[in-house]
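Down below is the structure, laid out as structure tokens.
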Amino acid sequence: MKINRPLAFLVALLFTAVIVVGAFGTSWNTVSELPENPTDQSNIEGIGMLLFTHYVAPFEVLSIVLLASLIGAIYMAKGEGNQ
Amino acid sequence: MIPLTFYLGLAALLFSIGLYGVMTNKNGIRMIMCIELMLNSANLNLVAFSSYTDTLNGQVFAIFSIALAAAEAAVGFAIFMAIYRMHDKINLDELNILRW
Amino acid sequence: MVKTALEDFAFLIPLLPALAFVITFFFGRKMPSGGAIVPILAIAASFVISLMITLGLLENPGEVVSQSYSWFAVLNIGILIDPLAAVMLSMVSFVSLLIHIYAVSYMSHDPGKARYFAETALFTAAMLSLVLSDNILQLFVSWELVGLCSYLLIGFWFEKPSAAAAAKKAFLTTRIGDVMFLTGIIVLTSDLLKLAGGFQDGVYLLRFDEIFSYIPQLAALQANILGFEVSHLTLITLLFFGGAVGKSGQFPLHVWLPDAMEGPTTVSALIHAATMVTAGVYLVARTFPMFIAAPDSLLVVAYLGGFTALFAGTMGIVMNDLKRVLAFSTISQLGYMMLGLGLGSAIGLEAVGISIFHLINHAFFKALLFLCAGSVIHAVGTQDMRELGGVGKVMPITAATMTIAALALAGFGIPGTSIGTSGFFSKDAIIEAAYLFGEHSNNWIPYVFSIAAALLTSIYIFRLIFMTFTGKPRSDYHGHESPAIMTIPLSILALFALVFGGLTKTGFMSFLEETFANSFVNIDIGSLAVIGQNELVEAAGHEPVFVLWLPLIVAVVGLAVAFVIYYLRIVELGPIASMKNPIYRLLYKRYYQHEIYTEFFSLGIVYGVIAFFSQVLDVIVDSIVEGIGILTVGASEELRKIQTGVVQSYATAVILGVSLLIILVKLIMEVL
Amino acid sequence: MLPVASLLILVPLIFAAVTFFTKTKEQAAGLGFLGSLVTLGLTLYAYMNFDSSTAAMQFFESIEWIPSLGVNYSVGIDGISMPLILLISIVIPFLILYSWKEDREAPNRFYGLILTMQAAVIGVFVALDFLVFYIFWELTLIPLFFMVNIWGGEKRVHASYKFFIYTHVASLVMLLGIFGLFYASWQQTGIPTFDIRELVTQFQFFESSLLRDAIFLSIIFGFLAKMPAFPFHSWLPDAYSEAPTAGSVLFVLLKIGGYGLFRISLPMLPNTGNPDLMITMLGFLGSFSILYGALVALRQKDLKRMIAYSSLSHMGFVTLGAAGLVTLSVSGAMFQQFSHGLIMSILFMSAGAIQTSAGTRIINNLGGLAKKMPKLTVVMMVGFMASLGLPGLTGFIAEFLVLTFSYVNLPGFVLLALLAIVITAGYHLWAMQRAMFGVYNEKLGDIMDINSLQVFSMAAIALLVLYFGLNPSPVLNMMITNSEAIVSLAAALGV
Amino acid sequence: MENLMFLAPELAVVATGLIVLLIGVFMSPQTKNMLGYLATLGVLAALALTIQSFGTEATMFFGTLSIDALSQFFKLVFLAVSLIVSLASIKYNENSDHTEEFYSLVLFATFGMMVVASANDLILLFCAFELASLATFALAGFEKRNARSLEGAMKYFIIGAISSALMLFGISYVYGATGTTSIPMIAENATLLAENPIGLVAVVLLIAGFGFKMALVPFHMWAPDAYQGSPSVVSSLLAAGSKKMGFVAAFRVFIVALAALQPDWQLAFTILAVVTMTFGNVVAVSQTSVKRMLAYSSLAQAGYIAMAFVVMTPMALTGGIFYTLAHAFMKAGAFIAAGAVVWMITSQKTGNLDIPDHLDSFRGLGKRMPLAALCMTVFVFALAGIPPTAGFMAKLVLFSSTIQAGMTWLAVIAILNSALSLFYYARLVRYMYFLPPEGKKIGMPFPYAAALLLAVAGVLAMGIWPEPFMQWAMDAAQVLI
């Protein structure tokens, strides 16, 4: 017994049920109307502003993340054995 | 207007599908795909909330998370490549010398 | 001046033999004859000091030697030499001295003689220290030391399994008594603490004068035991008597004494005559004021003593072992002494006098009997009377002295005069007192016991004499008379056995009556007797003639019976003295005491049942602990299998964990 | 004045550290012996300068350690600890001498562990701060564990783990009690402190009697399991009997359980919610341990196990005397600790010598050893006699005081204990009879008596047993002074 | 303009990482050894900067980053671990061509952890969390020719990815309910979460995300395998460092942000703590691989620390925080000592080469590598909570706080567990000192020795003179209340 599909199915179902019950049982605080931005249908500008002001720190960290995953991925993927 | 819960339900479903995949797939590539599915369902949540609460943080978060998912996938694939080199396959359930 | 100087040496009485023990124990092997000279000199010195103190006391009985030093806590060690102690000291050191001298020759071929002399010296020291204790604790300490020495000496030939077993038996049996004694001390101490309201500086709570001064209060304390209202004093004295029963071989704790002859004969002599067994009698005599003030206690003493005297006599008449007969005789005679003390409920303080008088006389003739027996065994090499016979011809001195001892034991003498063996005077005094008691309380049981026992005594001792010394040798032995170093002590003892009683008869009693009225304590026995509801009667002197003569008649009858059966041999004993005869078997098997005490009670009940269940309990307690350990390791082996090594199952666990955790928390929150 | 209390911990510890690095058996034993001698010297110095007329703490030192928790390194010696320090300081040199000629693996560790143990035990005795106390308390486990685990008998691994974990659990439970005490007092006074005397004093002011009971019970559980008392003794027979001789002796020198009883539990006892119940419980555990230990010892086939159970029986007197709560019964209990240490040392040394010479400890397989080992027999006899409470030896003084004076408050339990005295004599003598007396068992071959160093060390301890049996005052007086202080505290509260 | 001086330690670490990476490219394998020293120096500098900046408080980058006592304390933890690991890795990477990758990954991971410690916004927290994870995924599989190492890395990766998905999912609900990702803002707007079932769901999802790092049962499944399979130095970093990252994140997110949901997560942590410590200790009893045993012991220790969430008194938090530092030293040191043994076995090519960290490899270690054995003894005794070590002091404070809060039952469970742990720790010591060695004596390489001594110094310093550490931990706990 390595992979037990029925069990996995049941577990997934249980998880769905729990989440759905949780999410549907909650009275979410939502705006009455979806916001409309007449000048910019998308909100790229707002996102961009946030990225470089409020979230500059995560942004910088992300750069290191990418660098680290780059190093890691290259190191792991490099097949020295075949050289 | 589509109620928020529709999005949430969809996201939950997608997430669970991802989970089911993670639990049942043998192949590493498929597992990464399932994990991507899970991350994206979370992104769906974030974007939906972002819209329905009229804040942008969620969308920014989604962008970050997409980038992170990519990085994660890259590392994952690299590990699988190394595994593949050693075992000539990436059936993850067969890797169980470390146990008990 | 001289007297004070002597007092200062009193501490040497036990100390010198104790020192002799140390010297002999460590250096005896390198000295001639096992270093016997050291203990002999030491005990001789003790004897001299004791004797001189005794003589001093005789002049002035009121001025006793009393010294106390703080020992530990509120307890003290001290010396008290009053008339009672003085005569005991003199007797113990004297008899012990003679036995030591005798042993030089007797033990000359034994490789362990240094150890022997060391241990006997310690034995003597312990006994001397017991006698001169001025407090109950020190008495107990010495008491136990005496027990230890008896253990060592009975087991002297430890390579003999029977000797090792006998030593253990002696120690354990007396230990039962000791525990009772200790319990008595404990109850007494706790009562005294309550009565005195705690400790006071400079007051030694367990010193006899302290104890005696609380007698009325102690008697007033009541305890409820199994529904009976018992005075604390009765309780304490009976517990003390329990100790005496063990030490002095009274029924039912007498079983060790016949086995105690596994040691060298000299040791038996020491135990039976001078040291160990007299301790119990001495204890009762020493605490006599407590006994007389305690309702019913003396009655118990009297009954048990009388019964023991008779009971032991019945076994004495069937034994074939020379020393064993003597052993039963000792038990019987100790019974007399206890009986004598017990009669104090009627005759008051005089009881101490007659009892101790018998004790002293008994010491002489019993030591003599054992030493003679030892002489025979030493010469002949066997102690089974069936194999002896006609020894008198080869060992005339031994035979003569032993006959004297036998006469003394049987109590030959002429009533109304001062002519008689020492045993006669003391034993008759006890029997007369028993008569008085019977007349007074209309309770004749002690008297009947004592007379019957006197008959038996006479029978068994003359049976012994006739079987051993007269007739033809019944086996092939090569006897010879013992050397002078052995026969001289015999002769001295014989002399004492013969004349001591007659000489000291009157003076001894009055001397001992001073024991509880002197500079140390001053007790009115009469008023204490009132507390104990004992009605005292006036002293003897007006008994009917038959009372005076009956003991002698009985003794003569006994002699005659023995003469007819064992000397003339005109009665065929075969059918009677066979194992088919249930009475004979019962007596010969010593009332199946071994079976009851050792096999049923010790091995069966205590070892087999109680200890067994304790062990089972122990296993259970232990299994609980071990079980937890086994369970943990087992759980570990099972739980680690959860970690299958398959990553998909890990993922399942994580997700299942999340779902279940949510549900669980929700449920618990709902419930709470 | 030397800072004796600290030095008594430090000196053996330093010598232990150095001993670990020695190379040969002689160096290790020599250095160990030297260390123990220096410690003995220090102890004697402390003893000479000790004032036994006061119950106050002497040689007091205190240094701030963790102020935020109110922990100080404070040590001192009083009449409760002095005799026990004396005991361990006296026995350890003899123990080293005793073991001197034995061949064993890693002698450097062996002697190093002995000294470590000494330091730890003394540390417990002098500690006046709960944390310091607990630290040394735990430290005692390690040398003993390894003693049993490395040099022990056949089942050493099992025995050592059992001992280690069992008593560790017990001391952790005790730690819980200490925590409770600490926080309750903190709440009470607003000042955190781990000072033993302060906390013990504060104990009476806690409002909830349930809390007081819980604290008292959990702390005393640690002590009782360490002593041990029935029913927490399961580790004892295995550990004692599997340990090497030196280990067994170290076990009997581990008097910290009883010490804690006097130092901590007894002063707290009168303030518990139901003191009478607690006293009854203690009295029962004590007297039942006495009887039960004796009965089980009676059935043991292994000499060392028998001695181990006899030890359980003897430690019952400590509990019983403590429960008696009369000055002299408490002193008797303290004296029993002292006496028990000396006596059991002799007994375990004897059993060890028999094991070494005859190759077995099963009593029935021995027999007649007295002929081949006369010296051992003499010393062993002294030990056995002392153990069965023969007067003139220390055991009697202790048992007498305990029994006599506990009787004032606990007559029933004392009677129960008295029953055991005959049995105690019984199993001792019976074992003696079977092992040492009788016909020599030729199957054992030609065996050697104990060597001269062993004779010397055992005889020396035997002489001490005799000396303190005849003249207990040098140690008893200080015990009395301190028990008086404890008891008067209880008396003031009407218990 | 922000005062970047507050970030000096982080910058120092990341700069060192970049420099190492950069110059490593141009160096020959023979000279790459110095990279290790360089990295160590960088960490040391960061450590100095952190200690120097103790007591400063600031929020930066629009409130996404906050420098306070808590973050400082945990930076100390991470940097200390990083220092020990870097030092030990000098030997591990000897003659390797990939030293620069290794060190840059270690340093980036450390950087990630440090950022998590001071993150005041969930987005930053998540990114930094991922940084630490991603860097260590590769590190775990650094021996890419070693099947065990790869397998460990793979499991670590899969479970890590699932966990981050779960965490992100949870964060999304928190965000959805509060409309913000800033931790202080969440705390203000948490009423909706507290009143609705989604709050519990979010909490448990977050616990799953952090619990993966903390290795709480049942999110621990990867840990024994990854710890066993990874190179020892990496195990050390994982167990001692990144595990603590989970804790600091949990401290911030639950205690500060989700204070309104305290009943929920308190209960969840109660269950997890009890299960985790019991499971860890029980299973550790039957392990024969020392690293695996340490992994299970690490589980158990995580269970203890999680008790801080259950008790939630200032004392408990102090204890929990103090414990993280203590555990960092103990576990880092223990894994490195195991690493030294593995090195010994593999370089000697004798013994169980398949499982070089098998208990049998530790036989007679006291004779073969006295220093390693001695240090290992200190570490395991510290882990068991034997005085006078850091482990004892940590347990003292943490366990005692349960009593203070009246949770005696919890204390009893913890204490029984602690006693059980003695069993396997003592067994290890017994193997090292009291079983005969199976090989000759080996010289101890300097880097291992230095790293071990450093860890021992930490363990003993915290045990013998805990006062300053206690004060720092108290200050850190103060932030949370």
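Lettered A, B, C, D and E in written order, each chain numbered from 1.
Here, a residue touches a chain if its C-beta (ideal position, glycine included) is under 8 Å from a C-beta of that chain, and two chains touch if they have at least 3 such contacts.
These figures come from a predicted structure and were not determined experimentally.
Student: Which contact partners do chain A and chain B have in common?
Tutor: A chain counts here if it touches both chain A and chain B, which gives C, E.
Student: Tell me which of C-D and A-E has more C-beta pairs in contact.
Tutor: C-D
Student: Could you name the chain whose CA centroid falls nearest to the centroid of all protein CA atoms?
Tutor: Central chain is D.
Student: Work out the mean Cα position per chain and let me know which chain is farthest from chain A.
Tutor: C
Student: Tell me, please, which chain's centre (mean of its C-alpha atoms) is farthest from the centre of chain E?
Tutor: C
Student: Could you tell me the distance, in whole angstrom, between the mean C-alpha positions of chain B and chain E?
Tutor: 26
Student: Using mean CA coordinates as chain centres, what's the gap between chain D and chain E in Å?
Tutor: So the centroids are 42 Å from each other.
Student: With centres defined as the mean C-alpha position, give me the chain B-chain D separation in Å.
Tutor: Distance between chain centres, rounded to whole Å: 64 Å.
Student: Which residues does chain E have that touch at least 2 chains other than itself?
Tutor: 123, 126-127, 130, 134, 137-138, 141, 144-145, 154-155, 158, 162, 166, 173, 176, 179, 197, 200-201, 224-225, 420
Student: Which residues belonging to chain D are in contact with no fewer than two other chains?
Tutor: Residue numbers touching two or more other chains: 161, 165.
Student: Of all the residues in chain A, which ones touch at least 2 other chains?
Tutor: Answer for chain A, listing residues that touch two or more other chains: 2-3, 7-8, 11-12, 15, 18-19, 22-23, 28-29, 55, 58, 62, 65, 68-69, 72-73, 75-76, 81.
Student: Between which chains does touch occur?
Tutor: Pairs of chains that touch one another: A-B, A-C, A-E, B-C, B-E, C-D, C-E, D-E.
Student: In their complex, what parts of chain B are in touch with chain C?
Tutor: 19, 22-26, 92-93, 95-100
Student: Tell me, which parts of chain A touch chain C in their complex?
Tutor: Chain A residues touching chain C: 2-4, 7-8, 11-12, 14-15, 18, 22.
Student: Show me the residue ranges of chain C that touch chain D in the complex, using the header's touch definition.
Tutor: Answer in residue numbers: 70-74, 137, 140-145, 148, 151, 155, 158-161, 163-165, 167-168, 171-172, 175-176, 179, 182-183, 185-187, 189-190, 193-194, 199, 602, 606-607, 610-612, 614-615, 617-618, 621-622, 624-626, 629.
Student: Can you tell me which positions in chain A touch chain B when the two form their complex?
Tutor: Against chain B, the touching part of chain A is residues 2-3, 5, 7-9, 11-13, 15-16, 19-20, 23-24, 28-31, 33-35, 43, 46-47, 50-51, 55, 58-59, 62, 65-66, 68-70, 72-77, 79, 81-82.
Student: Which residues of chain E touch chain A in the complex?
Tutor: Against chain A, chain E makes touches at 14, 21, 60-62, 64-65, 98, 101, 104-105, 108-109, 111-112, 115, 121, 123-124, 126-128, 130-131, 134-135, 137-139, 141-142, 144-145, 173, 176-177, 179, 192, 196-198, 200-201.
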